[in-house]
Structures are given as C-alpha cells and as structure tokens.
C-alpha cells in the first residue's frame, strides 16, 4: 500500500493552481512530474560537481564521471542487465530507437522484413520506415484486434526466415495494452529474428528483468519515470551491440583517431559520442531511488486501482466509448464521447484545471484503425488519487453537457 | 458593413457581460453550432488547414469590393472562434483585412486558443485569411 | 569592464574547496560553470511548469511549449539568424555535426570531397570520416602551420568543383586559434561548396551574425556557454535545411504517419524527433540572458586580458613551450614543459585545487602533428581572475620543480 | 619473499610518516625515477596498456614458482605507483597474486589514481597482472 499523500508531498508542482483550480495532472503518459530529490540533485550537481566526464584528470571531472557511471550501474540493476556496458545512455526513447534503426540495419538487406504493430507510437514506426526504405527491406505491420490487443495469429503468420527484427511496444501509449512480450520474444527468436521492445510506457510500473525476458533491445525515457527530460536508456545485449557500427562520431567514442584509420572505443562509450546530458543522467539515479523506495509493485497496484475506479466511473456516463482491452492493461484510458470532438473536451477540462491529453497521441495509424480523429486520454501516476478521478469525472460530465 | 474595429468592440462588450468562463464557453459553443455548415463538397484537401488536433476548412470569395469567408471545423470550440472571426472579417475589403489588428482575441481572453502552441489550425486560418485578402487585393 | 567579483557571486560552485584549496577552475574549454539563474530556472521549470511540449491542449503543456519556443527565438536573435525555423535544438555540438553529416550526405556522391582541418576536434572529424566512407567521397585535410594557423594556401589549393562541404572550427579547442571563417566561407562559396562551422569554442565570447557571415551551418553546445548539459544548437539556412531528409524519425517530426506514406513536419520540427531536453532548453535562455547582460564584448576583452597575462607569466618559466598562434587567439593556452609528461602536471595541479585539462583534448591528429602525447591546457571564462592565474603559475612552478 | 600483505603494511607505514601530500608525491616521483627502465624493445604494441592520457607497458615472466613483473610508463606519477605495485606483486606466486586484495591503495590515499575514471592505464594494468598470474597459475 502506498501513502499517496506522503508521495504527493514530494511533488511540489501538484500544488499549482491552474485556471483557479487545483491542478489535476492526468497527462502522465506524456511525461511524469519530478520528485524534489531529482530537482535537488540537478541543483547539487551544478552547484558542487559540474565538470565534463571521461576527460579530465581533476577532482571534479572524476567526481562527475563517477556519478554519471553510478547511474549506469543503477539502471543496469534496475532492469536486470548482465553488464553495465549494455546500458547506453541516449536522449530518450526516440533517440534509442533511431540508434538501433540506424546501426542494426547492417543486418537488414534487400527483401528482409521488419515487423512492427498497428498500435505503435510514431517513434516506433518512422525510424523503421526510413530504415526499410534505405535497405530495400519490407516493413510488415501486425494488425490489432478491435479489443486493442495484438492479433497474435497474424503475428505468427508474419514471422518467417526473412524477419530480421520485431519492434513492439511493451505498453501501448494510447490503449494501455500490455503486450505479451515474452511470447513475442520467444517466438521471434525461433525465426532468429531479434526483438526490440519500446518500454516507454512500461518501465515506470513493470519490474523488468531483461535477462529473463531474453530481449535483445529494450528502451525507455527518464522523463516518463519521474526523471529529467533529455535522458534515455537503450539496453542491448553485449554480443549484439558489439557487432554494430557506431551511430554518431566524435568526442570520447573513439580509441584513436587518425586521418587514415580511426578505431572505436568499447561499449558503452562507442555509442555515446559528445558531451552527454550529465546533470540529467546524474539526477536520473534519484528517480530510480524514488521508484525503488515506493516499490514498483506498489506503484503498479496503486495505478491498477485508479484504472479500475476510473473505468467504472467513466462507463457510467452515457455515450462514452473506451478503447483498448479490459484486462492486461496499464493505467491509461483512451475514450471518446459520441458526437463530441476530443479536442473540445480537452479544452473544457483544462479550464477546470485538469491536464489530460487529447489527439492522436503520435499514433495516427491506430486512429485510422478506429476511424477516429483522436481520443481523450487519462493516464495515471503514483501520485494520483481517486478523489482526483472523481473531480475529473464531474468535469467530463459538465463538459459533455456543455458540448451536446 | 461596419468597420472591423467596431465589430470587435461589440464582441468585447458582449463578452464583458459574462460573469464566468462557463458562460463564455457556452456562448462560443452556441456560436459554433449556429455557424453555417460548409457543404461537404468544399471540405477538400485544398481548403483544409490541418491542425494537429482539429481541422479547419476555409473558403474565400471576392464579392464586389469585399471578401466573403466561409469556414468550418470538426471541433465545436474551434468553430465558435471561427464564427467570431467570420463575423469580423467577412464582407470587409481586402485592404482592411490585411491591415487589421485582431485585438478582440486578447480582450475576451481567448488568446490561448490562438497561440502558436495550440494545435487547432486557427492561427493558420487567420494567416490564410490575410493571405487571401492580400492576394485578392492585388489581383 | 566587468565586475568580476559580482559575476563570481552568481556561480556558487566557485566557492568549493578541492583538496583543501579554493577551487580554481580553468577547464572552461571542457565545460563552463552555470550561473544561479540557470539552475534556478531548471528548478522552476520542474516545480511549476513541467509538461511535454507541442502535444497537449492543456495549460502547462502550452506554457512549456511557449518557454521552449522562447529559447529558440532568443537563440535566433543571439546569432543573428533570419528565422526561428533555422534554429534546430539538438543535444550538443557533436549531435549537431552528426545530424548534418547524416543528412547533407544526400549532396555528397562518389568522388566528391569534404574538407576539414588538421586542428579539428574528433567530433568534427569522425562524422565526416563515416560520411565519406559511406558515400565513397574523399575527406581532405587542410594542414596547419607550426604557428597553429590554417595553411590558407593549402586550403585554397584543396578547393575545387568536387568540394561539397568545408567543415572547420571557429576556434580551436586546443590552440585557441580563431580561424578566418569569413574568408573561408567566401572562398568555399566560390566553388559552390557549403560551409559548416563548429562554434563550440567560439559562441561564448564572439558575437555572431550568421547572416553577415553567410555561413551555411553553425553549431555549438549550451554547456560551454554557461548553460545546461544536453542542449545544442544547430543553425542552418532555411533553404538548405528544407532540402534535407530528416535525421531521426518519431514523435512530432511528422505531418502525418501512414504505413503507406509518411510526410514530415516543417522546419524546425522535422529535425526534432522525440521529447526534447525541455528543462535544459528552457534554462538555456537564462544563459543567453547572462551572456547578454555581461556583454559578449566585455567577456571577450576580459578573457583576452587573462590570456595576455597568463601567456606572459607562463613564458617566464623556463622550458615552457606554448602551442598555437600569438594573435587572433581565444582564451585557451596549451603548453608543455620540456621532459615533463602533461598528465603529471595535471595530477599535481589538481592536488592544489586547480582544475585544468591535460591530454589530447579529443584532437589526436593535432597531437600527432606536434608529435606530443598531449598538452596542459588552461582555458579561461568570464569568472576567472588574474589572481587565480598567479596561483596557477605558482602551482605550475612547484609542479615543475617536483617533476624535474 | 615476504608476503603480499606484509609488504603492503610496510608501505602504509612508510606513507604514514609523510605530513603532507607534497612529501607523499615527491616520494612517488622518486620511486618512479628509480624504477628500472624497460628496454625499448619491450615497449611494443603488445605489451602496451593504453590509457587515455598516459601509457603503461607491462611484462610478466614466470621464474620458478613466482612471477616477475617489469613495467614502465611515460608519466612519472604512473611510474611511481607502478613501482609500488611491483614491489608488492613481483616475485609472488600466481595464486597469491590472483587472490590478493590491494588494500594499501586506499590506505595511502591513492585510490583516486586507480579509479575507473582515471585515464592512466593503471587499473587495466592491475587487471592484467592478475590475469597473467591466473593464466600462468593454470598452465
């Protein structure tokens, strides 16, 4: 059980007034708020440590490097990786996916296939479109069922010897669907395809064990895990990462540079060219501390409770249509009200201090599948309460009345 | 036709009567509902101004010395604001449209809807209206 | 004239004790310290604004987007660009260079040539090596004179119709050389070659006017301009940027996504896939405020004074060899002491609380040219004082005595 | 040969005599200067442990039951620490080398030089010494 009010005390932004109402922040799928410890850690870093990493021989630069590498170690343990060198620090999920789409493509040749699903975020679509275009490979799309789940039979039938990579989200940012990634990974491996899992919406509440999952690549963004903006994680199996060419050149990603022959550094530095977001990375370790002190399982069950509660309340409103599965679902609800444009609801809720997201959620193909311009999305985090949901439901009712 | 600034003043006075945001938004919604719907045949790709969330369709015709705008949107709130804009800018001369300053937006507290960060296509619509006016003025 | 002690008050880190000595931070070429206003702005952002940009229809996300875009506007004015859409926000100089090396390469075909110089930072070498390799183009290297200046005659003779791009640093991070970029740009343009300027070491003290310079691309990192880590700027001429394909896919860089056909957003969003380092970008606007309130010209003349003073003092020490030009030089001094390894000096200075950098400074080809394992580098910023230089000189003398 | 831990204790006692860092570092520098130089022919790519800033060359030979290390560096401070390491680890049995805990480093306040963030090749050298010992033990 979580003491929500104690948790809320760690998040000063939740005391904001918006349009004369207490802020109710239900846009956690877009980004989460940050606990004091994260902000303080950024401040501390700049006021006491700031120096470039991996470069100097002086006290502060050593300290900076140590703190930077400690985060890597913490991430390694957080996701159950075997070695720290398998943790590449990027600027976010999108950066992580592009990194692999641009380097793993050495394994993708003319006629090969990459599989994604119909529910993917643009960040897990466009890089593969570009990658397949470039390599004359074919992008195959697993359709989803009306229930919002992957059509597993279709997935199975799409797999073949031509499949080089499967890239699927762990949790859909629109529907909340928790995909059966273990089954997907095991099946894909039978065809010697590698599997990339976009964990942007999963890592903040699902305990990971990348070794047990046997996943080849996994990624997420710190800003959706109560961490800073501009920091992302890419996990990759050492043996695979070692085979890939670097993505960006420059800075400390080299062993030696010569106009005739440049050799690259070992993992993870090979993939971390240039001065990284040091303050961000250092402070991200405080987010992981926060997650672990509250406990991922506690976060999960708290969010599940909110999900159940909000779903029930929403369905009591006439003409509400909820998209997505009934079970195996994360704390994300996408819905619409018959004959009402989602944008209008967003505008009115905002007037009442409620921050939600409306629109296509960077998943236009999914909108097309449901033939809708967008959805109204509520997405919950550890600091949300059933009282907030009550207020939100009231506001939705009021909006509906105004709009119809 | 009355002057653009006169109409704006009138709208500002109307809005001043509202005591809270709910009344204001209900009024906007009503305006949106009353807006003459655009014939389906005009809702073409060509007339579309794509916002990230709601779409706007805009048509401009020259009648004598003035320009007549008709427009539509899939979101009612956007339509409400369109109705206001049409009230002000339709049937005005190209020159007046090009030169006008739409001060009413700020005065009635709707500037958030017309900021560059809003993904509703309204800002592009205003730009497009001025562009049409400029184009038709110089024809 | 600058009131240095007033400036120093804005930088709390300068009151640190390192190894029982007052910190003397002379590693500004690696990264600069941050004024309070920058740190405070990050804190404010997370405590009052935090929300994702370009996405929501709610109050905070609008505010966040506005603040993010205000920084872009400020950068535009800071460097004299024509339009805000010409300002691409990246994660740093290295990211900016890689972005262009990966997208401008559509203009680089087999047999074409890219010109860089012998004094470049690895970040301005390796991306072009990879780019040329990939496109079967030839990387040409302008040698530098012993004085540390570009061999302009050689540069002229390397230019030809085959030259597609010239990429040169504005200021060398090792030698401090201020390169004659206006001359380089004008000359290259005669051959219809585009010019990329790596301004990492320049933008904090040289007033820019990219339009007057008529430069095609210019880039720098916020962290070297008293700003946050993880933020970079890429300026590009609108007409050229418009012609380039996007670098990364995902998030808000699209107009519409469809499995059959995806179309990309307009500038600058086309090049900004994924959630950016919002807090970093927002706070960078405070760095620009800081630079402008002190005044770039004041910063420049203050640093020049430090440069002159330190150079004179250093040359009074027997067996000191300074690399680089005598004039047209930024506040960076690279030197060695005869028969002493630079690393040893760095270690001893560190013991005395003095943070400098030793090593190859990510410019191994330059080290090779001078046939040295590295240099000892002092690099000055607006908050450094002649008193700090005196203490540093004493420490160098003491180290020399211990080591020889 | 005395035990590894005995030698470490002795070094710690020696260092305890120094009242400030200058003395300690001067001592290290002297050790570095006194270290038997490595013949140029041994300074091969193969024996090189490349640090980002200073290089280390390391050679291991088995003599009877123990291993003899010789090493060198281009930086004198690195050489000083190498001299200490050789004092402790050279002429010891492979087993003792593999199993030893180099606690003296921390005790005499040099751990900063042997942290993973230091670009002097020393840490890799210790790893390499243990690796050699392990390899030679099992031959």
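Labels A, B, C and D are assigned to the chains in the order they are written; within every chain, residues are numbered from 1.
Here is the rule we go by: a contact is a pair of C-beta atoms (placed from the backbone, for glycine too) under 8 Å apart; a residue touches a chain by one contact, two chains touch by 3 or more.
None of the values given here were measured: they were computed from a predicted structure.
Participant: State which chains count as neighbours of subunit A and simultaneously of subunit B.
Facilitator: Both-contact set = C.
Participant: In whole angstrom, what separates the CA-based centres of subunit B and subunit C?
Facilitator: Each chain reduced to its C-alpha mean, subunit B and subunit C end up 46 Å apart.
Participant: How far is the middle of subunit B from the middle of subunit D, if each middle is the mean of its Cα atoms, in Å?
Facilitator: 79
Participant: Find the geometric centre of each of subunit C and subunit D from their Cα atoms only, then give the gap between the two centres in Å, rounded to an integer.
Facilitator: Centre-to-centre distance between subunit C and subunit D: 39 Å.
Participant: Residues of subunit A touching 2+ other chains?
Facilitator: As it turns out, subunit A has residues touching two or more other chains at 19, 57, 59, 61, 343, 346-347, 358-359.
Participant: Out of subunit D, which residues touch more than one other chain, so two or more?
Facilitator: Correct list: 52-53, 119-120.
Participant: Could you run through all the chain pairs that touch each other?
Facilitator: Contacting pairs: A-B, A-C, A-D, B-C, C-D.
Participant: In the complex of these two chains, what residues of subunit C are touching subunit A?
Facilitator: Touching subunit A from subunit C are residues 12-13, 16, 18-19, 23, 25, 27, 30-31, 33-34, 38-39, 42-43, 46-52, 55-61, 91-95, 97-98, 101, 121-127, 129-130, 139, 141, 221, 223, 228-231, 246-254, 256-259, 262, 273-280, 343, 346-347, 349-350, 353-359, 362, 364-365, 368.
Participant: Within their complex, state which residues of subunit D touch subunit A.
Facilitator: Interface residues on subunit D, with respect to subunit A: 50, 52-53, 112, 115-120.
Participant: Which of the residues in subunit B come into contact with subunit A in the complex?
Facilitator: 21-22, 25-26, 29, 52-55, 74-78, 113, 119-120
Participant: Which part of subunit C faces subunit B closely enough to touch in the complex?
Facilitator: 54, 57, 59, 61-62, 65-66, 69, 255
Participant: What does subunit C use to touch subunit D in their complex?
Facilitator: 19, 340-344, 346-348, 351, 358-360, 373-374, 402-403
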